[in-house]
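Since the structure comes first, as structure tokens, the remarks are kept for the end.
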Amino acid sequence: MASGASGTSKVVSMRDAIARFVHDGDTVVIEGFTHLICFAAGHEIIRQKRRDLVLCRLTPDIIYDQMIAAGCARRLVFSWAGNPGVGSLHAFRRAVEAGNPPLEIEEYSHFGMVARFAAGAAHLPFWPLRDYNGTDIPASNPRILQVTCPFTGEKLAAVPALNPDVTIVHAQRADAEGNAQIWGLLGVQKEAAFASKHVIVVVEELVETSIVRADPNRTLIPGMIVDAVVVEPWGAHPSYSQGHYDRDNEFYLAWENVSRDEKSLRRYLDEFVHGVEDRAGYLAKHPGLTERLAARAMMCEGVNYGY
Amino acid sequence: MASGASGTSKVVSMRDAIARFVHDGDTVVIEGFTHLICFAAGHEIIRQKRRDLVLCRLTPDIIYDQMIAAGCARRLVFSWAGNPGVGSLHAFRRAVEAGNPPLEIEEYSHFGMVARFAAGAAHLPFWPLRDYNGTDIPASNPRILQVTCPFTGEKLAAVPALNPDVTIVHAQRADAEGNAQIWGLLGVQKEAAFASKHVIVVVEELVETSIVRADPNRTLIPGMIVDAVVVEPWGAHPSYSQGHYDRDNEFYLAWENVSRDEKSLRRYLDEFVHGVEDRAGYLAKHPGLTERLAARAMMCEGVNYGY
Amino acid sequence: MKYSAEEMMTVVAARELRDGEIVFVGIGLPNLACNLARATHAPALVLIYESGAVGAVPERLPVSIGDPSLVTGSLMTTGMADIFQLFLQGGRIEVGFLGGAQIDKYGNINTTVVGDYAKPKVRLPGSGGAAEIATHAKRTIIISRLSTRAFPEAVDFITSPGNRGKGKSRKEWGMPGAGPVKVITDRGVLCASDVDGEMELAALYPGVVTEDVTSRVGWRLRVRESLESIAPPTAEELRLLRDVLDPGKLYLKGS
Amino acid sequence: MKYSAEEMMTVVAARELRDGEIVFVGIGLPNLACNLARATHAPALVLIYESGAVGAVPERLPVSIGDPSLVTGSLMTTGMADIFQLFLQGGRIEVGFLGGAQIDKYGNINTTVVGDYAKPKVRLPGSGGAAEIATHAKRTIIISRLSTRAFPEAVDFITSPGNRGKGKSRKEWGMPGAGPVKVITDRGVLCASDVDGEMELAALYPGVVTEDVTSRVGWRLRVRESLESIAPPTAEELRLLRDVLDPGKLYLKGS
């Protein structure tokens, strides 16, 4: 676990960050709800051939579909496994429907996953929620139990803390110690990072600490819990980064056909993941991408922190 | 409870807001941790002679000391009752040590109070926390119990939800529907407001909705849970508003002598609370105040919400 | 004026919304229905997305519930813990829209598996936030095209609770919201019985007869004595949908 | 060079801090001690205040733990739920400073009442965040001037747990942190016994003899066999305190 402030830079390459903090068998979280999903980290994990990972995420999205297809995952902990706005994640479906490759699943609703991260972050063994009555969800998952309120006697649902070995968070900007600022959709990144033994922050922009300190309410993750900072512009593509680039909806639509066929999915991985060394190589294979998706400027005003 | 969006303005005078939403016997919260404590609302409650209130707040501060002295309170629910950075709240002490006036107390630690608001806001009957072992706090308060984790069997402390009748929050700015933005210290205002049946937002600046919408991550309290908006610049004095004015430390220091003596406290209330009609009248009695405490400009940069 | 089934469903859903209501929105037709309501009788509708956008006013049709256009110009953008704890569980949501692969006679919804959970014939995406919307929204509205496959008597897996499930009513389960009050289909509208929560045929679209609905439902559908007949989309509703709200036919593909 | 008791206590507290540590700070001497440590051997110290400021670098001496100068230029400013849940209960705090009206031989602290809780002789402010700091910080350091009134054998009310209380040790209570490891007084330093957590005299300030400490403690204070002798403030430490960190004598009133 990152401890204290080093006073020195934590900036490393994606290759080094993954080599150091993601090991076979680890419980790994790449979070970000639609926004700021770190595909660059997922691709590097595939390249480094990690195996037996327990992958956790509310929405596995295309990145976990790729990691499942690449054989990285032993187990998937999730709450919605689809291609958002499009349809299915076919590698996931092949794994669950046909055991190809075998994949254990552990399934919650979104609130259940949020609650598991919240408990992990707060160092509580469980989190209470009003949920799951009258559904088949608890029967499908032995980790959903009930807790009795000591004041009212009510029985509430309870889920256990989730404490990953490593959480990877993509952010718009951070300083070299990992003090990370995010705006737009915040998802469960704060909870996942605080719940985690190790945290890798991947950023669009590495900034001076003075930029962070000028607007401290914008900081979502403090450097004191961060182990490594990776500077990887466009590292969230085909997901998006508010203020930097739009979601590549064409990619999400195209994934339907790529992933429906096992061979075409493998060809995709061969060309765009194994076939490149890093994110720069990936971007070089997508000419015109940055022009097509670059965000227009819609700056908000600053506020006054004076006294 | 505020319901939905009216599309129309909720702006009213402080007098009308208090008359309409604060009644004898109500459970009332004026929150704000050091920052943004709405003294203007407390003074109006005193002027309108509310009685038998259950006053809840982490740090009763000078404003609750004044309300206790004025006879508004039946019960105090709190976690730290002092004059921050100075010493005692003497009206509070007279009430507790000598029953003058009589005052029931219900006492937690800060975390306990935060947890009570969090439970209230989340519509949970209780909130679990790792706390109070080896202390005399639970024995002094029958509302602190234990809950058993269904996964580990651990016993954790539990506090019950706090759902006030009305919460009053001072904010730097809001629009006419009560969409309120706060920066600097955030305290427990969000939790208290969401826990409450009614919410009054008091602002330094009434702004167009477009200002709020330009930076939606800055919004702490959405207008949909707000019943009334009061425009009251300097309404937090002698507390402060980051970016508007500094804390009036001289006032906090002087309160030691004002409040130590029952008569001088009454003279204070007569002159500065009962002796004025509203906040404008209060400010008129403090010449030079705004010049002395006005904040210098320390603007942060805006961020890009484009896509 | 001719119109498609999707257009009719969208119009009927829009008319269900009252001005100023707080609506938990999914992608697709519900999103379009909210936009139509805002453009007609409910300008002060507040749209909330599970992704964290509150009071969204998207300038384009969002392609996912986490679209950046939902954030830009919203009243508040916050984390998902707030959305589920403070807004949904906190009882602040007045209407939620739901859909699903299977809907049963009590409005229980399956978005998890077709077949057995351990050995599914078809693995669907799962709950997402649907279980919570169904539990906590003050009322929910289901939108789905009719077919006996989509409307079995009992769903294979209850992902989102309806008006009765696992042997108990919502009330007995202590669920806060009223549950699914209506199912808006491509041929008519089912409403939940006040007595036992079972869905009953309550209204027909123009040109539809009772059997068009009952034959496409996998149980013996109760039919109310006097059936409402729902007015077709107005010219203005169709103009808004076609020319203003979805000119690229992103959602109204069949139109 | 002459120096005051407060100056010595501040210097001793500052020396306890290691560079890069995450410190939960209160107002008064601990605040000054952290500033002194930052100005000398621990520039990368991270200061956290219960008010919500993380990585604060106040340009003036804060007059309260919610001072605006703690926010301006901080690394992160967040709500109190985060401070108590994620930072304290989450186990992220390495050092916490505490003080109190009464401190007993196990480092239990009373900041609630002198006398009986229901009928107090003196009503003190209460816990604030102290109970949580004492429970969760990896180690705590107590700062207090010696007097038999301030150091009774058992406190009237345990507000913040020490190394043993209500019949059990910290370990038996399952408390995460190591508890109060030291008490920095105006005459010497007490350290907790590794065996049973009782405070023992471990170090003396220049010119102080054992009896100066034991006579000011309300129980038979254990004295370690070899007492450390603590070096007085250096000229540089005094210069920083007097000329740079507290020139207005806000905290070092007695100097």
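The letters A, B, C and D name the chains in turn, as written, and every chain counts its residues from 1.
Operating definition for what follows: a contact is a pair of C-beta atoms (placed from the backbone, for glycine too) under 8 Å apart; a residue touches a chain by one contact, two chains touch by 3 or more.
All figures in this text were calculated on a predicted structure; none of them were measured in a lab.
Asks: State the smallest step count from chain C to chain D, taking one step as a move to a touching chain.
Replies: 2
Asks: Could you quickly compare A-D and A-C and let me know which has more C-beta contacts?
Replies: Spelling it out, more C-beta pairs touch across A-C than across the other pair.
Asks: Taking the mean of the CA coordinates per chain, how far is chain B from chain C in Å?
Replies: Taking the mean C-alpha position of each chain, the two centres sit 40 Å apart.
Asks: Approximately how many whole Å separate the CA-defined centres of chain B and chain D?
Replies: 29
Asks: Which residues of chain A are in contact with two or more other chains?
Replies: 123-124, 129-130, 154, 183-184, 186, 190, 214, 217, 240, 242, 246-247, 295, 298, 305-307
Asks: Among the residues of chain D, which are close enough to touch at least two other chains?
Replies: Where chain D meets two or more other chains at a single residue, that happens at 53, 68, 71-72, 77-78, 85, 89, 176.
Asks: Taking all chains into account, which pairs touch?
Replies: Chains touch in the following pairs: A-B, A-C, A-D, B-C, B-D.
Asks: Inside the complex, what are the residues of chain D that reach chain B?
Replies: Residues 27, 50-53, 63-68, 71-72, 77-81, 84-85, 88-89, 108, 112, 117, 120-132, 135-136, 157-162, 164-166, 168, 170, 173-176.
Asks: Could you list, by residue number, the parts of chain B that touch chain D in their complex?
Replies: Counting only chain B, the residues touching chain D are 33-35, 58-59, 78-82, 84-85, 88, 92-93, 96-97, 107-111, 114-115, 118, 129-137, 140, 154, 183-191, 240, 242, 246-247, 249, 252, 295, 298.
Asks: Which residues, counting only chain B, touch chain A once they are in their complex?
Replies: Per the touch definition, chain B meets chain A at residues 123-126, 128-130, 143, 145-152, 154, 156, 158, 160, 172, 181, 183-184, 186, 211, 214-215, 217-218, 240, 242-247, 295-307.
Asks: For chain D, which residues are in contact with chain A within the complex?
Replies: Contacts found on chain D: 19-22, 43-46, 53-55, 57, 68-69, 71-78, 82, 85-86, 89-92, 94, 176.
Asks: For the complex, give me every residue of chain A touching chain D.
Replies: Those in contact with chain D are residues 3-7, 121-124, 179, 190, 194, 209, 212-214, 216-217, 219, 222-225, 305-307.
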